[in-house]
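These notes open a run of structures that come right after.
Two complexes come next, and they have one chain in common, chain A, joined by chain B in the first and chain C in the second.
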Partner chain A sequence: MSNILVWAVWIFAAFACIASAVGVVTFRNPFYSALALIGNLAALAVLYLLLGGEFVAAGQVLVYGGAVMVMFLFVIAYLGDKTDEAPWAGGPSWQIVGAVLAAAAVGTEVIVAIGSTASGSLSHSAPIARSFGSPEQIGRLFLTNHLIAFEVTSIVLLVAAVGGVVLGSHARVTEDDARA
Partner chain B sequence: MTHPKETWWVALIEVGVIINLVMVAFAYTTWLERKVLGRMQRRFGPNRAGPFGLLQPIADLVKLIRKESFFPASAHEIPYILAPILSTFTALAAFAVIPWGKGWTVHGYYIPGVVSNLPISLILIFALGSIGIYGYIVGGWASDSKYAILGSMRTCAQLVSYEVSLALSVLGVVLMGQSLNLVDIVDKQQTTVWFFIPQFVGLCVFLLGGIAETSRPPFDLPEADTELVAGYHTEYSGMRWGLFQMAEYINMIVLSSLAVTLFFGGWHFPWVPSLDKFGPIWFCLKLAILVNAFIWLRASQPRLRYDQLMRFGWKILLPAATINALVTALLVVWVK
Partner chain C sequence: MHGPDVSWYLALSGLMFTIGAIGVLVRRSPLIILLSVEIMLNGANLALIAFARHFGHADGQVFAIAVMAVAASEVVVGLGLIVAMGRRNIELDVDKLRTLRG
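Moving on, here comes the complex of A and B:
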């Protein structure tokens, strides 16, 4: 019973994931594309939930689905949806580049999947502890095994924040100068 | 912690009961608000429908449902319809993880005191809150109206700004409770002390951030009627507008419940453990006091200006929340 439920949810989430990803690149209106991207992130969060990563799923919704995408929507709604005037949107050459890259990614995944099936590493499931994916365990990993990556990321984010403030204040100064 | 397993249909009934109770609470919060506001402004408030105007929320509901749902011709149809639904859904779903009792065993069936006891329930509430914002911004954008889009811009900027302080303000509680699970946090307060004493700064930041997060006066910039007509829901009418109102009030109730849970011992009664079996009553009492405080603020405080709101959020509330979290972390480690 529960196994069937897991399959049903997996199929639903996986198809939602692919459909929304296709939606992101095919919608003409950027606002709808952003909404599809949110749907994609939400479907990914469901897949994380199925894998037992409750904390990662919540973080995905909170950080990417919530905070980051709100900014996307904010900017798109603010600038309006002038799709015709956007010269960078989908020229034919970029479509070819994108198609080649996507085909390469899918090809790699297929090769990896076939390879790991042939080697038999997919046939038995790895045992995981009850506390797998809990906030405590993730926090401990961040502060022990992955401390350097964690700290470097925080510095990168700090640089980005300072950069944002500098760019923003610069824009305000020139605005005042223009007015004066 | 081990709990007896609950039967699936018990859980289902519990979900139904809780959702309906929250909706009744919403209906009577609107009544309470109008009544208290009226009294504070030396008028009667609703007093025609039923005794003390108690049937007013039902009359309002019938009116909203029967009203013509006006639809802007240039609106983006699907997002326009889905936006209020999304907002209401996230507001209602957040209540699932708030504990309101100890749990009881009736005729051998275990009834837990919380709909869903997750290890990360606190983060879930914040995640649902951040999804709820989309209802406002999508609704404003899909209406294709200048006032609506301005309103949703403001809502978005305000909610994103204050969400940061709100999340940081509960960090102190999480550090002291050593858990992200609301049930554990409530139990921890019973064995130590209610967290509003050691976390007083956290409580102040949480309540201020919470008022802004639910766009209640004096932080109701998103729907400042003198400037924006009505904000993001300018183009909504009938029950679709009603759903946005419902989301707003339920968010207020959820936020008050969260404050009760995190800072005021949840459903516990102070000093007398034997009274804990009436948990839901104490929970509702504490909740009613907090909701009343929200209404009181609305009656007594003028609305902030937009730049004041942003300055207050980023330059006062955020540093206060950060320092509070840092000091708490240091003290927790030091005491250990």
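Moving on, here comes the complex of A and C:
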């Protein structure tokens, strides 16, 4: 019985994921695209919960759905009318390239998935403890096995913050120069 | 594992990555290209977490959190560039940015 429930939730979340991803790519107004991406992130968090990643799901909703997407919506609202995309002017070449690459990616994925399923290597998941994916376990891994990755991540965030400040202040200076 | 096994999650993650890649290639607004890159990163994250569950090691989840941090940094720099473009009244169209002969 619980099996059927898990499948139902999975199918619902997967359809929400794909539909909102298609929405992000096809909406003309970036504001609607950003809202669709919030739905995409929420559906992904449901899938992470099904996979036992409670901490990652919470981080997904807080960091992505909260902080990052609010910043996106703020910038889109700030730029206003400038964000509207002009009607299509280029030739069809990029669409063909995109279609070919997409077909190749999906084809590779399907072949790998079918091959792995047929060989049986993906059919039996390892048993997990109840604490799998808990904040305690993730934190312990971050501070023991993955300490270098943890430190490098902090440097990356610092560099990004400095980069954001530099880009912002540079734009202000050039605006003043243009006015003078 | 109850419910779908890891190959279902893999197929979904590949599909999401593909949809994001199509967005990056076809759209011309830098804002929507950034949003499509987010979809690609999330597709990769889904594969990482599905394999973490499959093999019973939480290391994949640790890596997914690192990917999230990198995505946040990328958004900061990308949005900074877009705001700078908007302030200097440069049209938000990646096909018209020709200074680097792209």
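Going forward, the second predicted complex is superposed on the first by the 153 of 180 C-alpha atoms of A that agree within 3 Å, B and C clash if a C-alpha of one lies under 4 Å from a C-alpha of the other, contacts with A are read in each partner's own complex, and residues count from 1 in each chain.
Here is the rule we go by: a contact is a pair of C-beta atoms (placed from the backbone, for glycine too) under 8 Å apart; a residue touches a chain by one contact, two chains touch by 3 or more.
None of the values given here were measured: they were computed from a predicted structure.
Student: For the three-chain model obtained by superposing on chain A, do chain B and chain C clash or fit?
Tutor: After superposition on chain A, which the two structures share, chain B sits beside chain C with no clash.
Student: Touch check for A:N3: first (chain B), second (chain C), both, or neither?
Tutor: The answer is second: A:N3 touches chain C but not chain B.
Student: So in the superposed three-chain picture, is A:A161 touching just chain B, just chain C, both, or none of them (first/second/both/neither)?
Tutor: In the superposition, A:A161 touches chain C alone.
Student: Should A:V112 be classified as contacting the first partner (chain B), the second (chain C), both, or neither?
Tutor: second
Student: Scan A:L143 for contacts with chain B and chain C and give back first, second, both or neither.
Tutor: A:L143 contacts neither chain B nor chain C.
Student: Is A:L101 contacted by the first partner chain B, the second partner chain C, both or neither?
Tutor: In the superposition, A:L101 contacts chain C only.
Student: Output check: A:Y78 vs chain B and chain C. Expected answer is one of first, second, both, neither. What do you get?
Tutor: both
Student: Per the contact definition in the header, classify A:G59: touching chain B only (first), chain C only (second), both, or neither.
Tutor: Both partners.
Student: With both structures placed on chain A, which of the two partners, chain B or chain C, ends up touching more residues of chain A?
Tutor: Comparing touch counts on chain A for chain B and chain C gives C.
Student: Counting only touches as set out at the top, which of chain B and chain C does A:L51 meet: first, second, both, neither?
Tutor: In the superposed model, A:L51 contacts chain C only, not chain B.
Student: Kindly classify A:A14 by the partners it touches after superposition: chain B alone (first), chain C alone (second), both, or neither?
Tutor: second
Student: Taking the superposed arrangement, what is the smallest distance in Å from a C-alpha atom of chain B to one of chain C?
Tutor: 14
Student: Shared contact residues on chain A for chain B and chain C?
Tutor: In the superposed arrangement, which is not itself an observed complex, chain A uses residues 55, 59, 67, 71, 78 for both chain B and chain C.
Student: Within their complex, state which residues of chain C touch chain A.
Tutor: 1-12, 14-23, 25-29, 31-32, 34-36, 38-39, 42, 45-46, 49-50, 52-59, 61-66, 68-77, 79-84, 86-88, 91-93, 95
Student: So in the complex, which bits of chain B are touching chain A?
Tutor: Interface residues on chain B, with respect to chain A: 79, 118-120, 123-124, 126-127, 129-131, 133-134, 137-138, 140-141, 149, 152-153, 156-157, 160, 163, 180.
Student: Quick check on the complex: what are the chain A residues that touch chain B?
Tutor: Against chain B, the touching part of chain A is residues 31, 35, 38, 42, 54-55, 58-59, 61-62, 65-67, 70-71, 73-74, 77-78, 134-135.
Student: Can you name the residues of chain A that touch chain C in the complex?
Tutor: Chain A residues touching chain C: 2-3, 6-7, 10, 14, 17-18, 21-22, 24-25, 30, 33-34, 37, 40-41, 44, 47-48, 50-53, 55-56, 59-60, 63-64, 67-68, 71-72, 75-76, 78-79, 82-83, 85-86, 89-90, 94-95, 97-99, 101-102, 105-106, 108-110, 112-113, 116-117, 122-123, 125-128, 132-133, 137-138, 141-142, 145-146, 149, 153, 156-157, 159-161, 163-164, 167-168, 170-172, 174-175, 178.
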